[in-house]
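Each of the next two complexes has subunit A plus one more chain, namely subunit B in the first and subunit C in the second.
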Partner chain A sequence: MAALLQLKDITRDFGTVRALDGVSFEAAAGEVHALLGENGAGKTTLMNVAFGFVRPDHGEIIFDGRRYTAMTPQAAMAAGIGMVHQHFKLVEEFTVAENVALGSPDYGEALRPSEHSRLKSIIRDTGLDVDPSAVVEDLPVGLRQRVEILKALFRGSRLLILDEPTAVLTPRETEDLFRVLLRLREQGTGIVLITHKLDEALSLSDRVTVLRNGKTVLSRPAAEVTQAEVASAMVGRELDSGARDLPIPQEDILLEARDLSSPETGQQPAQEISFALRAGEILGIAGVEGNGQTALADLLAGVLAPQSGSLLLAGRDVSREGVDGRLRAGLAHIPGDRQTQALLLEFPLRENLLLGRWPLGEFLRGPFLDLGALSLSTREAIEAYGIRGATVQTPAMSLSGGNQQRFVVARQLGAKPRVIVAVNPTRGLDVGAIEYVHARLVEHCERGGAVVLISTDLDEVLALSHRILVMYRGRVAAEYPRGARREDVGLAMATGRAA
Partner chain B sequence: MTGLEEFLSGTIRLSAPLILAALGEIVSQRSGVINISIEGMMLGGAFAGFAAGAATGSAGAGLLAAAAAGALFGCVFAFICVVRNADQIVAGMGINIAMIGLTGALFRAIFGMESLATAPRLEDYPIPVLSGLPVVGKVFFTQSVLVYACGALALGIWFFLRSPQGLGLRACGVRPEAADAAGVRVGLTRFAAVVFGGTMAGIAGAYLTLAQTSSFAENMTSGRGFIALAVVIFGRWHPIGAVLAALIFGGANEAQFWFQARGSQAMIAGIHVHIPYQALLALPYVVTLAVLTVFAGSYRRGPRALGKPYVRSR
Partner chain C sequence: MRERTRELAGTLVFPLAGLALITGIILLGGKSPVQGFAALISGSLGGAFALAETAIRACPLLLAGLGVTIAFRAGAWNIGTEGQIYVGALAVVALAPALGMLPAPLAVPAGLLVAAVAGGVWAWVPAFLRTRRGVQEVISTIMLNFVAIQLVSWCVHGPLKESTGQFPYSNEIPAALMLPRLLPPTRLHLGVVFALAAAAAVWVFLFRTVRGFQLRAVGASPEAALHAGIRTERSVWSAMAISGALAGIAGAVQLMGVSHILFEKFSPGYGYTAIAAALLGGLHPVGITLSSGLLGALEAGASAMQREAGVSTVIVYLVQGVIILSVAHQAARRRAVTEAIRQRGAQEV
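After this line comes the complex of A and B, so read on.
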């Protein structure tokens, strides 16, 4: 099929980092082209070049036979390129129709309330069901995404670029989206799907391109490649598959919860939680989101003081200790929301390294911070954890999500804790980063540490835990040993009863 | 004129500069730029209008000069805050302070220390037929052209905000990144909005020197620009709302004159009370404070991206 969009030999530097290094890319009409790669591989940057948000240092853009030296978003939209960004670009205060009208040459038509308006007929033809008069802030995420797609289609986009469209969707919404995309493909629209989820890329696309470190490493028809091939192309080496070999737990108990209950905080409280965690053991806490895991994590980390019950760390009662006291005693916490709980996004990495590091001893010189030692430690973490493109002065917010999490894990492990409480430690990360975080947690156990892994990702819990507790409505509903069947645990998560 | 006609007519006269400045500020703020230097820009406009009027002998020329000066101040502010992305509050404070010094110094340099210089007045223009109507004729239709402009501009801005360009401008004020992605030129839109706001502030200033009085005094705006900012908030960033809000402040001001003119003796519960005139002078400001305290908290917040520079990220 004829190429709609051709990117030729695109190169772009950001400061000292070469984000794109001579990348060529083609997208055809009536075809879904998946663009894969790890966080920071250059996928989004490449598509921002096509859409005119980023100007390439070198290379050319050809769309529909026309050559563009300097693409702008205005020119891209006028030519027929539409982009759905990962973070939606919608005005929440406006209605759906107003958002579609915004900046469109066909303003009046978008706002026409008639059933025969072009907006209404696009909605009917594509199955992008959403009420044009609804205010965007009242809509759930899945519908907001539809508004973004409608915006692009209303302007006559023949090429639709979607940046990580499923990252924010529930499985149900994802299915709906794919149905719409397949219908658009039938109607002749070209689709570029930026993603790091392998299975959806392969199931939906006609063609797969993989970027790594700003270079194309694979570009073939989807039917000709396997998941394993694509995965190793993404990370540049063979990946461990399936369950890991876990170390054998020792006898001594590192962490013991006795009938721990959380106070009322407005969220689902955790009630009468008891468990004993041995050195070298990973305890998985599974459950559907909102069944008391957050409260349990806060209880363990010391963010919340228990309403009743007690927590023993290596035999010592730490129930009344706060976060700092527990850190000193050897309990570190990888929070579930890294952007609000784990990092000061505006601050450089060097300052972020201090967060949650008690005692500060090694970073103090007299009463002052020892910036030299701090920089050294930060640099070590950046290197050891492969945080690409970062220096000690880089603000946390300019790292990708995966690199932010690598940094948080590096920092918490750097405090040499005995027990780690990790909450959804790999949420939103790509395969390479997930493997990395998992390997670090297992390594921690091999050295005699222990981990409480609280995760809503059942596959992660199954792959990584010695034992699994299922939480349901704030209580432990069931316990499974390693090797339990996925279906059984899933049923307990959904019903609160052991199969 | 009856007492009521006098009071209402005076209220409108005193509200007009607030309305002019507030309408410009609404456009600026709806685009996402908070321009607290309308106080200084009004003062600059008042001086420019006065000086040009005195020099040429034409009030119209004074008005044009004031508008041009306001546009120029707007360009300066927009360059600092929209092009260079500086902090809008800091830049606004800077311009306010600079304007007091600049107009004061120029006034003394040109017109001397004990100046009695006057500029030509922008005379009232009674609208034929309508001005003959009972009560409303005197109150609404025997006014300066700038008062009529207030009404026309309020309606015009109301309609503008509903137009394609107005939608784009409002989008810049709440989600500039969304506006940018939709093809709206955020920088250009905000620049134009600020220049419009500056022009309106300049004209509002000229109203003080050309329509209300025909003289200039140092720092003669004495906080009217800040009251206009309060008017924008109290009027909920809506042009018609701002007109109504400005009328309340104008009414408070007129009441103050009214009490002063009728002596500051009052009978309260049969006792003669002497109200010091300083207390009366403070009335408009007390009303500002009271209104903001009572209403600001319970009201919807302003445009979400207000005061935030927009820098396109990669």
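After this line comes the complex of A and C, so read on.
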């Protein structure tokens, strides 16, 4: 098949880090090409080069026979490259049609409501079912993604780059997305799929390319490779696969929620949540994003005070304690967004350690900070968690996403809590880092601790939990024991009813 | 190597262009730039008198600049230092008869405390309005500047008018409230020592205490601070109150050390220059000590320049402008680099 996009010998440095090292990549019309790699492997950077967000230091870009030494997003869009980012770039107050019109050369056409308009026919041809007059803020995540894809197609994109498109979708929505992508492929659109989910990559793609440390380590037709091969290519070693053995929970209850409800804060509140968590137990909270998990996490962590109900930590009522009081009582939390909620990006690691641990008062000498003790603890965390190349003075932002998360996990576990509330603890991480974070959480349980795992990644919840609660519109809609079928849980997530 | 050269050129381009511009303007005015600059330097650095003048002019800038720093570090944009300076001085003058009855070693600290409370309350109001009512403190602090300035103006025309009732300024403060001179016959007063001590205290507070860390965390990321159990509202309140207190003290020190009376236009924009000093000093106590010294030297040298070379003092504001632009330019360059690194971090998510 004819190559639509060719990236030749692309090299790009960020400071002293070589993000891309002579990478070549091809995407053909009518083909799905999966681009895999760990965090920091360079996959998003490579696609940002293609789309013109990042200028390569060396190498050339050929799209549709035209040669570019550097792309700009404007040129890329005009030439027919569309990119759907992980975080959608939509105006929430606008309708679908208005979002499509925004920035498009023929915006008038996009706004025309007639059945024969180009927007309507694209929707019909691709199966991207969404009402053009719907306001984006009323749409669930899966439909917003469709709007992003529509935007790209309406501008005449012949190559569609999707960055981790399934990270926010339910299993059902993922299936729908794949159906659309296959249809687009039939119609001759080239598709580049950046993902870390191996089974998806292999089931959907014609070709698989794996990057590691800015270099191509594998690029072959999908039919010729196995999951294990791709996984070990990504991390550079063999991985132990399959579900983990979990310790057997003990009798005593560490954390008990009694009819916890959150106040109105503008997001989906959590309502009348009750559960009891035993020592040595991992309780998984599954659900599609936006079904009250954030409110529940905030209630458990102490970010939000409950509207009603109570929370007991080892028998003691901690409902009125804040994050600091709960940490002192033995409850630590790993927030869902490490960059905005768990770290001060410009601050050195030493002060980021202090951020999570100050309530314990362990780094004080009299009224002043004991920088020696703080540095020592930070260095220990860096070494124990294998955060390569970091010192106590390294600003958090110069760590890769995986290392940032390792640091946050190290910091919170270092507080020696009895209960951990972990929110999407492995979101956006690569295989190696996921394995690592999971192992630490299981270890915590083996030592008699307990974990509440709130995650939108169903596979993670299934692999790691003793019990699973499914949240739907703010309430617990169903409960499943370990070993429940993925389909059943997925259905409960989508419909709010136990199968 | 080429990179290095470019970097250096980038650093120097603004100061050099600025110097050329100023030289040109002095020449246009038919005066000698060499003589002008010589007077500027000798008037600010040449000898004990000049140095003392530099120090006492730097003093309110340093104190208020430290206040600006604490607020800005906590993400609270206190543009109201000018008003807080006025309010601090006004409070001391209003209570001067009572304070003057105290013995001198008590009167001075009591005066500073009164000014700190007044400035602190004046700054806390916008903080409260921001956290509880969503009022932008940038706007409310500026508006309170006008209120404070008009309030002082009304007071010196009314209730605080000097005893003969002829002139629009206050009575001289009692001797017990006057800051002792350190090196007579120069005007160098004890307030300079207070200002340097305040710089040290602010440094310790910001970088060696949990409270100071909390303020900086709230400024860097309110969301992360919230998830770490830091009371963000309380942090903003205390940052603004401390900020206003330092500005209030700046007003009191100016009153008790230099002017001894309160009048309209008591502060020739110290509060605004202090913001420049704070930014110029990189919001760091050591940097602000240096930057307020530099700005103080320019002000001290300006009068010498006018006296000896006939070059208008306005030129000095031009120099200040050039310095501030070049620092802003540097900061923008640094930010561009930081942003590039952050972008990379974001991509890796």
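Simple rule for what comes next: the second predicted complex is superposed on the first by the 271 of 499 C-alpha atoms of A that agree within 3 Å, B and C clash if a C-alpha of one lies under 4 Å from a C-alpha of the other, contacts with A are read in each partner's own complex, and residues count from 1 in each chain.
Note that in this section a residue touches a chain if its C-beta (ideal position, glycine included) is under 8 Å from a C-beta of that chain, and two chains touch if they have at least 3 such contacts.
Source: prediction; values computed, not measured.
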Mind working out whether A:Leu90 is in touch with subunit B, subunit C, both or neither, as first, second, both or neither? first
Considering only the touch criterion stated at the top, classify A:Pro73 as touching first (subunit B), second (subunit C), both, or neither. first
Which partner chains sit in contact with A:Lys151 here, subunit B, subunit C, both or neither? Use first/second/both/neither. first
Counting only touches as set out at the top, which of subunit B and subunit C does A:Ser104 meet: first, second, both, neither? first
So, A:Leu369: does it touch subunit B (first), subunit C (second), both, or neither? second
Given the touch rule stated above, what does A:Thr45 touch, subunit B (first), subunit C (second), both, or neither? both
Could you tell me if A:Phe14 is touching subunit B, subunit C, both of them or neither one (first, second, both, neither)? both
So, A:Leu182: does it touch subunit B (first), subunit C (second), both, or neither? neither
On the superposed three-chain arrangement, identify whether subunit B or subunit C touches more subunit A residues. C
Touching A:Phe347 in the superposition: subunit B (first), subunit C (second), both, neither? second
Footprint overlap on subunit A, where subunit B in one structure and subunit C in the other make contact: 14, 45, 48, 54
Flag every residue of subunit B that touches subunit A in the complex, lowest number first. 164, 167-168, 170-171, 174-175, 177-184, 304, 312, 314
State the interface residues of subunit A toward subunit B in the complex, per the touch definition above. 14, 45, 48, 53-54, 73-74, 77, 83, 85, 88-94, 98-99, 101-104, 107, 151
Would you mind writing out the residues of subunit A in touch with subunit C in their complex? 14-15, 17, 19, 39-40, 44-45, 48, 54, 86, 301-303, 322-327, 333, 335, 339-347, 351, 354-356, 358-359, 364, 367-369, 371, 397-402, 404, 428
For the complex, which residues does subunit C have touching subunit A? 204, 207-210, 213-214, 216-217, 220-221, 223-231, 338, 340-342, 344-349
